[in-house]
Amino acid sequence: MTYKPQEFLISVLTNLLNQPHIGHVAVGAASPIPGAAALLAQKRGGDRLAVTIIHGNAHNAFTDGGRELFDCAGQGRIDAFFLGGVQIDGQANINLLGTGNYPSLERRFAGSFGSAYMYFVVPNVILFRPEHSRRVFVEKVDFISAPGLSGPDVQRRGGPKALVTELCLMSFDAVVGKFRLESVHPGHSVEEVLDNTGFAFDVPEQVPQTAAPSEALLRDLRSLIGPEIAKTYPEFAAQVFAISAPAKGPEII
Amino acid sequence: MTYKPQEFLISVLTNLLNQPHIGHVAVGAASPIPGAAALLAQKRGGDRLAVTIIHGNAHNAFTDGGRELFDCAGQGRIDAFFLGGVQIDGQANINLLGTGNYPSLERRFAGSFGSAYMYFVVPNVILFRPEHSRRVFVEKVDFISAPGLSGPDVQRRGGPKALVTELCLMSFDAVVGKFRLESVHPGHSVEEVLDNTGFAFDVPEQVPQTAAPSEALLRDLRSLIGPEIAKTYPEFAAQVFAISAPAKGPEII
Amino acid sequence: MTAADQWFADVLPMPAKIRNLPELADLIPDGALLAVPPEYSFVPMALVHQLIRRRARRLRLLCVPLGGLAVDLLIGAGCVAEIEAAAVSLGENGPAPQFTRAALTGRVKIVDSTCPAIHTALQASEKGVPFMPLGGIIGSDIEAHRSDWRIVDDPLQQGNGPIILIPAIQPEFAIFHSPLADKNGNVWVGRRRELVTMAHAAKRTLVTAERICDEDLLDNEQTAAGTLPALYVSGLAEVKNGAKPLGLTGCYERDSAAITVYAHQASTDAGFADYLAPILAASPPASP
Amino acid sequence: MTAADQWFADVLPMPAKIRNLPELADLIPDGALLAVPPEYSFVPMALVHQLIRRRARRLRLLCVPLGGLAVDLLIGAGCVAEIEAAAVSLGENGPAPQFTRAALTGRVKIVDSTCPAIHTALQASEKGVPFMPLGGIIGSDIEAHRSDWRIVDDPLQQGNGPIILIPAIQPEFAIFHSPLADKNGNVWVGRRRELVTMAHAAKRTLVTAERICDEDLLDNEQTAAGTLPALYVSGLAEVKNGAKPLGLTGCYERDSAAITVYAHQASTDAGFADYLAPILAASPPASP
C-alpha cells in the first residue's frame, strides 16, 4: 500500500504515542501531523489516550482560557507534547526565535511560545522537525528557547524523549545528554543522516529501518482520522486526505 | 417620623458611604444592615456608587468564583468594606475567632473569614458592631484575626476608618492608633459610651449627636431599598420593612 | 504517582466513569484530604451522607474557604481528623454546633486560615508551583500560628517589604454536586469557578449531579463557558436532590427551616445522634 | 491614581460608558501599555484600525501571550515603541512581516517572553501581588535576557531548588472585541478567559462588541458564567464585524485569503503603505 510522506510521519508519531506511560497528549497550534498522530493513537488504543489539540475547539476541552494548557501541564496531567525548532542541537536545546547573535539577529522567527515551560514539565516531549539538514541540526543553537538538559538542582520532570525527522527517528538520553539513532526511514541511510546532522549522536551497530505504516493503520488514518483532523486543519486534510472541510464552529449565544 | 433601630443604623452607614472618595463598596455575607446601607447610598448618590453584595446573586456581578472579591480588592477596585468582631480593641484589632488563650479557647466562633486580607487592602473599612459592651470593646483582643495597624515596613493601603455601634460613631486615626468619638446616637450619652467601652479613646470637648435619618432618606429606604434588600435578605426585609420576599433566583440551563 | 500512572488508573473511557453514589464514596479512602465547597456553592450533601454511611474515618477537610452543614455533619459523625477553614458556621442559621464543640474539646485538629489564603494555596497547585505570595495577613494571629506559611523580605528587592508565601495545597479529592453534567463526564459549574480551581488543584474530582444529559456541554459555546471538562473528573454519579437541605442555584432553595432543626438537634450529643440515625439507616438513592 | 480616583473617573452610570469607536480609541493616550489578545481570542481589529487612524504613537503592546495581525499592523503603521510577546506571527499565514522587519532593524524594542510567564504576570496583577513564581524556564536564553525576572533559591527552603519569580504586569488598557455585550456594560467572553484575567489585571478595559443587547447577561446563570461584569469595563462601543478579517467564534470565520494578501503586501514598505491607505482613509464605522 503506498502512502504519502505526511502519512508516514503520522505513523511514526502514532507509534511513539501508543505507549502505556502516555495517558494524555497535548498538541500545540499549527501542528497538523502531530494532531493527526494523536487522534490516530487515540483511536488505535481503544480511546485510552486523551488528546487535546489546542488549535480551535474541535478536540479542545479547555474552558479556562489560554493559561489552561500550561496549568494542566504544571499539574502533571499532560504526558506528551510536541516541540520543534528552527535549530536543534546535540544537547536537545531548541531555538524557535532566530539565528544570529541575540538580540542582533540575522533571521527572526515568531518566538519561543511556551517551549521554555512545557519542556520542563511534560515528561515525554517529542521533537518533530521534518527538515533534516545541517541548517536545523546544529552543534549549538544560537538562542536557547528551551534547554534540553538542566542541572541536578533544577526541578524538572519533563524533557526530550524522541526526535522525528524526514530521515530518521532518534531517542534522547538525558543522563548522557546525547541523541541516539533508533531507526532510519525507508529509502534513507545512516550516512545520509550523518551527512545532514551538525551534531554528534550515538549510532548503534545495527540501525533498523523505521517500520512502514501498516495497511490497517493507513485505513484507520484515512477513513477515521482524516475527517476528524479536517475539523481543525481543513487545508491539510484536503491536501493529504482529499477531504473537504465539514465542520462549522458551534453557534454562539 | 419614627424609625426602627435598624433603620437608624442603616442611615448612619449610608452617610459614611456617601463620600466622594468611595466609588465601590462591597458587603460580605450575612450583613443585611450594611447591605441596605450600600444600596441606599447608591440610590441617594445618583447611582455613582457601585455596590457588590456577596451574599447571593441579586447585587453580585462577580462571575469568577469565591476568589473574585479578594482579587478585586487586591486590584484596588474596592474602596469600602465592612468588618465586625466578637472583640474589637483600642488599636482596632479585630477578633472573629474566639475568646481565651488560642488554641485553648473558652468560646469558639466561626473564624476569621477574609478579614486578615481585606483589612489591609480596602482603604475604608467600616467596623460595624451594634452590641456596644465591654465584652466586645476590650483593651486587647484575645486573638487578632486582623490587626488594626501595621509597621511602616508592611505594605498596607487599607484599614479601619470608622466604628458604628448602637451607641455611637467613632473614627479611627491610624497615625496615633486611636479611636475618636465622633457622635453619640440620639437617646444615648458620652458617659454611656465610656461606661461600655473597655479601651481608651479620644473624646472631643463637644460631642455632637448623630443625625437622625431624614424623612426623605427613610422614604427612599422603605420604598426603594426594602424591595431590593429583600432579594438578598428576605427575613430581614420582612422584619424591618414588612416586605415579603419577591425574588427567585434565575433559572439554570 | 506519576502523571502517567494517574491517567492510567483514571482516564478510562468516559462511560466507565459514571458510577453510583456508594461507588463514588468508596473511592475516597479513610485519611484522604478532601476539598469541600462552601455553603453557597454546590455542596454534595448526598455524597457526604454516603461517606457517613460507609463510616469514613480520619478525613482531612479543606473548606474552600468556608465550612457549613456538610463539615459539621462529618465532624459530628466522627469522620474527621483535621479541618482547615477560614470559618465554619451554618450561615444565617448560626454557629456550627459540632464544629464548635470539636474546636473546644480538641477532638478535631483545626487549622485556622483566611479566605484568600485558601484560594491562593489551591491556585498554587493549579499552576504546579510550590507557593504563591499573598498580601496582607502579616501581624494576624492566624499567621502567628501557621508554621507552614513563610514571611520573606521582598524577593524582588524593590522595597516592597515583607510578604507572605502560602504553600500549595493539593487535595487528594475535590467533591461537589452540580445541577447538570453530561454523559461524557463534563460538568456544569456556571459562575462557581472556585470549583474549577478545586478540580484543577486536586488529584481527583468526584461529582454528583442532579441530572446527566446526553448533549455534550462542550458542544455549545454558551454551556462550554461554564463547564468543567471531563479531563478533570474522575467519577460522576447522578443523584437527585444531591445538595438538600442546602440550596442549588436554579434547582431548589436552601431549606432554612430544616437547617434550623439541625442546628437545634446538633447542639446536644443525643440530638445529633437522633439526626444522624435516619441518614445511617437510609439506603443510598438508587441510580436511575 | 487611587482606587477612589479611578472609580471617580470611571464608574459613571453605565449608559455613559457606551461610546462610539473614535471616542473609545481616543481614551488610549500615546505611550500607553496595551494588553492585546491572541489571534484566536476576540481581537479588536476595528479598534486597532481606529488607533492607526488617530495616529497613536509610542504604544507599548503586551501580547497575551501571542501577537498576530493586529500587532503587525500597529507596528507597520508606526504606532508601537515596544512589544512584549511569547511569539508574533500570522499563524497559518506565516511570519508577521512588519514585526520581523522591526525586530531585525531594532526599530521597535522587543521583549521576548514565553506564554505562561505572560499569563503569570497578569495573574499577579489580578491578585494584587508584586510577583508570582513559575516553574521551568531556568537556563533558557529568554530568562538570560530578562533582568526584570528573578531567580531565587527555594524560599520555602524545602529543597525545591531555584525558581523564577515573574513580576506583575499591570496594563493601562486591555482591549478586545466580543460577540455580545449588554447595555449595562457586561461583556460575553465565553471560554476565552484570558480576557477575564487581562481585564482584572488592567487598569481599564475597552471593549468593542458585535452587538449590544438589552437583556442583562448577568440575569441568566448560563450567560453569566461566560460574562465579564461591567465592573471591569470602562468603555464599550458597538462595532459590526469588529474582528475582521480575523475570525470571531460563532460569528464569522477567519478570512485566510485576506490575511494571505496582507502577508504578501506587508512584506514590502510600498505594499504595506498600499494596504494601510484605505484603512487611513476610511471613516470609522458609524454607531447604530
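Chains here go by letter, A, B, C and D, matching the order in which they are written, and residues are numbered from 1 within each.
Following the convention adopted for this analysis, contacts are C-beta pairs under 8 Å (C-beta built on N, C-alpha and C of every residue); 3 or more make two chains touch, one makes a residue touch a chain.
All figures in this text were calculated on a predicted structure; none of them were measured in a lab.
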Number of steps on the shortest touching-chain route linking subunit C and subunit D
1
Centroid from C-alpha atoms only, then distance subunit A to subunit C, rounded to Å. What do you get?
38
Report the inter-centroid distance (CA atoms only) between subunit A and subunit D in whole Å.
29
Among subunit B residues, those touching two or more other chains are 57, 62-64, 70, 74, 121, 249-253
Subunit C residues counted as touching two or more neighbouring chains:
120, 123, 127-129, 134-135, 160, 163, 190-191, 196, 221-226, 249-250
If you connect every pair of chains that touch, what shape comes out? Choose line, ring, star, complete or other.
other
For each chain, which other chains does it touch, given as pairs?
A-C, A-D, B-C, B-D, C-D
If you look only at subunit C, which of its residues touch subunit B in the complex?
38, 40-41, 64-66, 85-89, 91-92, 95-96, 100, 103-104, 106, 110, 112-117, 119-120, 123, 134-145, 160-163, 179-180, 188, 190-197, 223, 249-251, 253
Considering only the defined contacts, which subunit B positions touch subunit C in the complex?
29-30, 56-57, 62-67, 70, 74, 96-98, 102-121, 143-147, 150-151, 153-156, 158, 235, 249-253
Quick one: in the complex, what on subunit A touches subunit C?
20-24, 46-48, 50, 52, 57, 61-64, 70-79, 121, 123, 249-253
Spell out the part of subunit C that touches subunit D in their complex, as residue ranges.
120, 123, 127-135, 150, 152, 154-156, 158, 160, 163, 165, 167, 189-191, 221-226, 249-250
Using the touch definition from the top, list the residues of subunit D that touch subunit B in their complex.
2-4, 6-8, 10-13, 125-129, 186, 196, 200-201, 218-222, 224-232
